[in-house]
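We call the chains A, B and C, going by the order they appear; numbering starts again at 1 in every chain.
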Amino acid sequence: MNRSTTILLNLVLVGCLGLFLWWAEGNLDGYKIQILNLIAVNIILALSLNLIYGFTGMFSLGHAGFMAIGAYVCSILIMTPEQKETLFILQEALPWVQNSHAPFLVAVIAGGAVAALFGLVIGAPLLRLGDDYLGIATLGFAEIVRVIANNIPRVTNGALGFKGIPDHANLWWNYGWCLLTLYFVIRILNSNTGNVFKAIRDDETAAKAMGIDVFRIKLLSFTFGAFFAGVGGALLASLLTTIDPKMFLFTLTFNVLMIVVTGGLGSITGSILAGTGITVMLEWLRFVENPVTIGDWTLPGIPGMRMVVFSLVLILVILFRREGIMGMREIHWGTVARLIKGGKA
Amino acid sequence: MSMILETKGLTMRFGGLVAVSEFSASVPQGSITGLIGPNGAGKTTCFNMVTGFYKPTEGQVFFEGKELTGMSPHQVCRAGIARTFQNIRLFGNETAIENVMIGSFVRQRTGWIQSVLMTPMSLREEREIRDRSMELLDVVGLAGIAQEKANSLPYGAQRRLEIARALATKPRFLLLDEPAAGMNPQESLELMDFIRTIRTRFDLTILLIEHDMKVVMGVCEHMWVLDYGVTIAEGGPEAIQSNPKVIEAYLGEEYVKYA
Amino acid sequence: MNLATFIQHFLNSLTLGSLYALIAIGYTMVYGILRLINFAHSEIFMLGAYLVFWGITLFHLPWPVAMVASIILVAGIGILVDRIAYRPLRDAPRISALISAIGVSFFLQNVAIVFFQAIPRQVYRPAWLENPMIWGEVRVLPLTLFVPLLSLFLMLALVYIVYHTKAGLGMRAISKDIETSYLMGVSVNKVIALTFGIGSALAAASGIMWALRYPQLQPIMGAIPGFKAFIAAVFGGIGSIQGAVIGGLALGFIEIMTVAFFPDLAGYRDAFAFVLLIAILLVKPTGLLGVKTEDKV
């Protein structure tokens, strides 16, 4: 399987995706389209966390914080000054918040960039910490972001949050960003830099001995992850059209962590598969929470049951299949070819 | 004869425990030398001080005339010193060739931006690194298992892979920590040849920690003997073998009379 | 601020600090022996409060009986969590147990939402705790004194167990070196179970008293106090019981006194703990009373 064949096959795949999206836009109902949108965003988020944790070995639990930053930055930029005027009822927005406006593409990039900046700033002191400590420190960071968002109404409208965010995030934007994220992550991980990420995950001490500035590389990986988490948050804001600080609790990070662990820490394919599967499962499980009518009987919905099942699945995965669906393996075109050939023989 | 490495009074104290005391050595360029002594004598601690993993409590390290004392490990490697570890530290989940390629990273010229943009220069360098890594695997006799995961390799192969990886950093000074551990006599003989070969082929100076006396006496031109952190003797193989203090340290007082 | 108000704040700080300290002890003991951050501990805290509520409303138990029953039951739940979700992962990489703990935490939280519904509920307060005592200008609920006193009693009981019983000796041994403890004949699994039991019991007691003090039950009530208590444990030195107590009390005082002197910061109260966390991790990660351990190269 040489390089040009792989590139050709990839282009064909992207083309098929494009066709599918075009078909879906015209033929599926709003609910199903929303699920497709969420799948794209969740894949972006899963890849960003997998890059930090699955590939570089940094146990970061701060994703909700980066997502919040991306979401708010993007929302501020895509809402028109007039929309913001009506939104900020309690207190007037600060001038730069009130008057800034930018096209969607710029807003999403800005969301990612600001999140990346924060990643750089908090990564510098925190990445020197080991495993568990890094986890709780990043968790603390995410909580600080949330509390601050609640308390600076002139920027974030406080606890009220934003409503009526323009819904630019359609299938094309979401999957476009998803493919971009995928391209970046695959390119990085296939390069020697990507090998170094994995080296740091496997044995930091040996990496240092081989001349690798572990701290700087960790910071690099962390910043990338923060960028794409910010992008994910930005897209989510436009997709859901409302955001408020309560959205960015630890539960959000947990969902992304769940996808990454189930898919396989260190597998891009795993993140894609689990991102799709778990998004669908979460939506499908909604039926458990809503009342169901069978004939004359109405079974009452059980709110909260979704998360019960969800967390149970995580526990089962970690107890019985720690490496998730894919472990650290990937599905390449080569693998596909072998499967087909194997079938024929 | 210029000295590629000089240590002056290197001392390492952990709280009240003195692991190494006043280790002063001059390693001639191009030589193969040894650091020997009973277990716990402080040999790996010396390695750790030279390579930046420990900050010496006292003393200095000079490499090619420039002071290295207290530099961080990656800076030491960048300066031209590479090492292997007593308990093999490979990148277990990566393949053999990936392990060696990671070793090349410190000398890589193109960065991640070029990799992402797939510039011709970065693609060319990646190919060069891959080719060179295959060559190094060939030198240590592991070309056949290049695509195997490192932690699935047999012990002997892992040791050799660690050396290949260290060589990928283009060092001028190579520290080997117990390279013959777990080897049978035949393998030890091959190792001795191998050490001499890479010294010439890669223009290296080599310092090894070793317990296998056949290897040490066979391949080292000069050695230092540590016991409880103190340098009790130094010299060539014959001098060391008949040194009463060395015999006492290894075998106990009663054997001194056999010197 | 006059003396009366200050005394008020001081007693409130003591109460809050004691509640944090009791929870923090559980975190620190488990971390000390297993190097595991027991994320589920905050739900143990919550269950303590809820089971008392259930006992009173559903089974019409008298309040002291409900309290004791809840503590015993929750201690059992804590032991069960270890047995099911952590013990199988003893030999796995540490992160696996950590992820399992996060999973259990969310599981318990959402089970509580399913069983008890997410709406906050009022808690029954026995009258004798409610009638304020008045000394001059100072108005104090007996509850405000009850909490520190009961906490002190529980902590002394713990000190006795840890330093004067064989089981406690086992706990201290395991926290120093688990491998050697196995070899020395310590029934490690039993001691670990006991540790979870005691830690959970203390957290349950704290949960019950918390519900009395801030009389609202919610399934998510454990998350924030739990996390703050963990921060307190880290601040005092994770692995050290004395550290957990000092950390818990310190955090209680910082939270209440800072807002007392700077009322404008009230909205940021929850963030103090997180700022404290990052500060301590940057300055002295092992905490006030912690000890540094070296990595062998």
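Note that a residue touches a chain if its C-beta (ideal position, glycine included) is under 8 Å from a C-beta of that chain, and two chains touch if they have at least 3 such contacts.
Just so it is clear, the structure is predicted and the values come from calculations on it, not from any experiment.
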Innermost chain by mean C-alpha position: A
Of all other chains, the one whose Cα centre sits farthest from chain C: B
Gap in Å, rounded to a whole number, between the CA centres of chain C and chain A: 33
Chain centre separation (chain B, chain C; CA means) in Å: 49
Whole-Å gap between the CA centroids of chain A and chain B: 43
Where chain A touches two or more other chains at once, by residue number: 205
Sequence positions of chain B contacting 2 or more other chains: 53, 85
Multi-partner residues of chain C (at least 2 other chains): 297
Contact footprint of chain A on chain B as seen in their complex: 51, 53, 72-74, 77-78, 82-83, 85, 89-94, 98, 101-108, 111-112, 115-116, 118, 122, 126, 129, 165-166, 168-169
Interface residues, chain C side, partner chain A - complex: 35, 37, 85, 88-89, 92, 94-96, 98-100, 102-104, 106-107, 109-111, 113-114, 117-118, 219, 223, 227, 230-231, 234, 267-268, 270-271, 273-275, 277-278, 281-282, 285, 295, 297
Footprint of chain C on chain A - complex, ascending: 59, 125-126, 129, 131-133, 135-137, 139-141, 143-144, 147-148, 150-151, 205, 250-251, 254, 257, 261, 302-305, 307-308, 310-312, 314-315, 318-319, 322
Contact set on chain A toward chain B in their complex: 184, 187-188, 190-193, 195-196, 198-199, 201-203, 205-214, 220, 266, 328
